[in-house]
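Notes follow once the structure below has been shown.
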Amino acid sequence: MADLPVQIAGIGMKNPVLVASGTFGYGAEYRPVFDVSRLGALVTKGLTLKPCAGNPAPRLWETPAGLLNAIGLQNPGVDVFISDILPVMRSYGVPVIANIAGFTGEEFVALAERLDGSGVDGLELNISCPNVKAGGMALGADPCLAASVVAAVVRATSLPVIVKLTPNVTDIAGLAREVVAAGAAALSLINTLLGLAIDVDAGKPALGNVTGGLSGPAIRPVAVRAVWQVAQSVDVPIIGMGGICTGRDALEFILAGASAVAVGSALFHDPLAAVKVIKELERYCERKEIGDWRSLIGAAWKRGNSLAGEVR
Amino acid sequence: MSKTGEYSTRVVEHLVLSRDVFRLTLEATKLAAAARPGQFAMLGCGSGFDPFLRRPLSIHRVQGVSGTVSFLYRVRGRGTEWLASRRQGEAVSLLGPLGRGFRYEGNSKRALLVSAGIGVAPLLFLAETLMGLNWTITILIGARTRKGILCRSDFERYGRVLVSTDDGSAGRRGSVVDLLRKVFDKDSYAQIYACGPQPVLVAVSQLSADKGIPAQLSLEERMACGLGACMGCVCQGADPSRMVRVCADGPVFDASEVILNG
Amino acid sequence: MADLPVQIAGIGMKNPVLVASGTFGYGAEYRPVFDVSRLGALVTKGLTLKPCAGNPAPRLWETPAGLLNAIGLQNPGVDVFISDILPVMRSYGVPVIANIAGFTGEEFVALAERLDGSGVDGLELNISCPNVKAGGMALGADPCLAASVVAAVVRATSLPVIVKLTPNVTDIAGLAREVVAAGAAALSLINTLLGLAIDVDAGKPALGNVTGGLSGPAIRPVAVRAVWQVAQSVDVPIIGMGGICTGRDALEFILAGASAVAVGSALFHDPLAAVKVIKELERYCERKEIGDWRSLIGAAWKRGNSLAGEVR
Amino acid sequence: MSKTGEYSTRVVEHLVLSRDVFRLTLEATKLAAAARPGQFAMLGCGSGFDPFLRRPLSIHRVQGVSGTVSFLYRVRGRGTEWLASRRQGEAVSLLGPLGRGFRYEGNSKRALLVSAGIGVAPLLFLAETLMGLNWTITILIGARTRKGILCRSDFERYGRVLVSTDDGSAGRRGSVVDLLRKVFDKDSYAQIYACGPQPVLVAVSQLSADKGIPAQLSLEERMACGLGACMGCVCQGADPSRMVRVCADGPVFDASEVILNG
């Protein structure tokens, strides 16, 4: 099989297929279904400083080719994560990226400090969660605020800092530039789209939290567009995500400029989706006799440079 | 749970039991070997990405010899509608067995099974298993009308069956909760097992607390992963600061572990 | 059958079900399929000052439960519309709303002047088209620019001015407030989400225009969220659209705060979708014995006022 | 076109002609009565909203007596795959007949039909119709291999059939374009009708211009509405400032009306 190695923010991975934060728990949950050490890296559910009970139920609502969720960052807190969960995650022999969510800039810094030296391989800053009232999207949609948090976290940790962006903004490329200037070593995009559904029978919003985040195949064209725009605006690697279900979907992101991809909601449709994506990418590279798969990154605009100008 | 996996199964038999209730039997040898009463599976429902999520269905019956697993389901929306169109020989994807099933404890080995509507689904597998363990069981089945009483003759093989209907067209007139109260006053049980609509579960939970008899409830919540990973299917735990996952911590809970709303 | 009358920006309609601009041509195209006079109102394809050839092919790309399009406003121009097409449209006995698209603010004013007295019943300002480089979304995503165009058009015409908003902004409620303050008599939302797909076989963007607009059921949760947010922020009626396929979908928008709805891409899935939506709304009102259907508008937040505060 | 409408039809027969080519026959009386050669229909493909769009397929054959309409299609992606799973008696939604079909003019009543691969689909209906109008026709069918030659015996009822394959496994070795050039040098025709991949259409168009013999081409473009409303399915018109709609202005165009790329 073709080799698909990649380095993201200095983290070496044997292939560019990750899982999206919050859809894969802490890895152990999927172990009965497939060998999670097949993945390029594991990304944790969003961690907060204190244990977090999350939002009231219902937290899920199916939509056409998609899913609205409003989990609200339920997690046992960073300390329990470090003591009880991380050792298990590390035993899989795959890099572990901790997704962290502060309700303030200071909390982001405190989380980063706590995780420094803990054994995680990198941080993913979730400044884009639509399901919490403080921090999250409010913070991540304002380029100045976002940049200041990123700068503070970068100062506070020796770990590589990946910043996860929200698509719920007018200008995602501008936001990306600010965040990279502030020191982000890589970007993850996209987080969920802000959505809402009404339960017509009940006559009220379907989710306990009223609004939720839309994910799944439905949002893929928005995610590919974001990757396309941002990849042409910054020089750091991008982890692309949003509705990736197949190797072909992953290739869309890679050709648009992603150096790695993450499989999220697709796992709910097909729990083997992530391994299938890996296999399909391997097979594609073999069939096309591609020497270094990384030549595919951004090929859709690098090849025909006339295209590249049209979108910015 | 070590045999939990993603399987591509084939439809062996698909029976229409009433207007909107179906019994689907799948060839699924590993699942049949691993499944325990009260567990469930997530079934792929649809050919494209819409519907997107799998549907959770309780394991209704297991035929170890033939390696088949049956589900009893009511057509509710688009997912179950699609499922109902599957014919013999066609493929169905399935993730399972999932969750924590029923537990069998108690020194008297006397159990009361309470269900209404489609809630009978997981209890048939339970009844069969309890009989194998020499339990004495009483099964209460409620429904709106006679037609809604499902699997009566199946249950009769395993114990005493009592029925109630809202309109009195079968068994006692009234809800299964009334029936439950009556039965309860007369006999004593080591365990109550319940599956059905929220009001039934709330009543059982209440009675269990009042009388000090442990009850196990099979809960439902909207699910995405079914594996405990997404935190989507929560219900209020007894400790109010803790939300429990129906798919992984349940779907069967001791009545004392959860706080039901409604 | 239940009556479903409504007034939007002073335009009286026998029911609140319209068609979305650009998906219904000029009405005649759908006449072989159903009686278009059943609709509450007709909305034209976007009209420009001069004839417009539109974007290069391919212009369409199917996505999960959705569609990317980059038509680029192909139309014969406002003069041919007034002389050749409008008389036919008026013969259906249904209000006609002209969707207009200027490439500059001046063009919007010129279009409005040209249409004043032409026989159309209202204008829908498309300041949100993602498929043109000038005007369109660029203009509609900037609250100040948008407001100045709206104010100028309102001054220039005696026709009711409906403004169509883009969801590709950080704060749609803020944008809506500016536009209403500038004189919009009603709002249409949402236009398409900015998206992009890569044709993996070709290794380049699937659409001739590179980016396109995402529509269809996939975007419905984003559209309902926009209506929910805007309806609680302004006092003008809202025409809700984005993935409406059934009466139930329409009810989601109405309960979220829309006073009318438009059926767009659903027509491509089921050409009878708009009439089905009307029938299902009628049946719903009868079954629920609802006296005045307008009591449903915004009922999801008006009823439980505690909900209303959470989102703004 | 006045009978254009949205119909719910039933599968009468569904034949597998080769590994990935199917012939679907639907009960569709009104469509059968209204359809003309070269027209097409938009078929609903899928049970949910994914796939979302209908698929355009040419009308391949019409049986007026039984009120059935047949489509000949190749499974290409998810839509046609779904279609291929439809069984006898199941429902298929259909909008049609759509578009401007073939026109029959010319004083010599001699026609040359040129196709490759699945491009034969609309030409069979055309061949039958032309024979009814007493035209003399020659049919050229190209494919990569013998197995790709479709409907040969059907066409033989209506005229002379010449075949070419890339590998020489049937008929002349080479492309149908080579065959076309040969045939063309010998005989004369009032009309050429062509349907197939872009290179075939480009060659026919070129030849038509060179020799001054009118050609009609059946084009393909991605479609949404199929009715001329959305402006999505355009192709470059002969007047470079005008984009024509394949669904409503075509799908059959005079070679001189359009500029093909490729």
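Labels A, B, C and D are assigned to the chains in the order they are written; within every chain, residues are numbered from 1.
The rule is short, and it goes like this: contacts are C-beta pairs under 8 Å (C-beta built on N, C-alpha and C of every residue); 3 or more make two chains touch, one makes a residue touch a chain.
Note that the coordinates shown come from a computational prediction; the quantities given were computed from them, not determined experimentally.
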When each step joins two chains that touch, the fewest steps from chain A to chain D total 1
The larger set of C-beta contacts, choosing between B-C and C-D, lies at C-D
Rounded to the nearest Å, the gap separating the Cα centres of chain C and chain D is 36
Cα centre of chain A to Cα centre of chain C, whole Å, reads 33
CA centroids of chain B and chain C: separation to the nearest Å works out as 46
Chain centres from averaged Cα atoms put chain B and chain D apart, in whole Å, by 53
Check: chain D positions touching at least 2 other chains come out as 48-51
Touching two or more other chains in chain C are residues 63-66, 216-218
Among line, ring, star, complete and other, the chain touch graph is complete
In the complex, chain B touches chain C at residues 48-50
Counting only contacts in the complex, chain D reaches chain C at residues 1-6, 44, 48-54, 93, 95, 221-225, 227-236, 241-243, 248
The residues of chain B that touch chain D in their complex are 46-51, 78, 82, 85
Seen from chain A, its contact residues with chain C in the complex are 63-66, 68, 141, 168-170, 193-198, 200, 203-205, 209-212, 214, 216-222, 224-225, 228, 243, 248, 251-252, 255-256, 299-300, 303-304, 307, 310-311
Chain C residues touching chain B in their complex are 64-65, 217
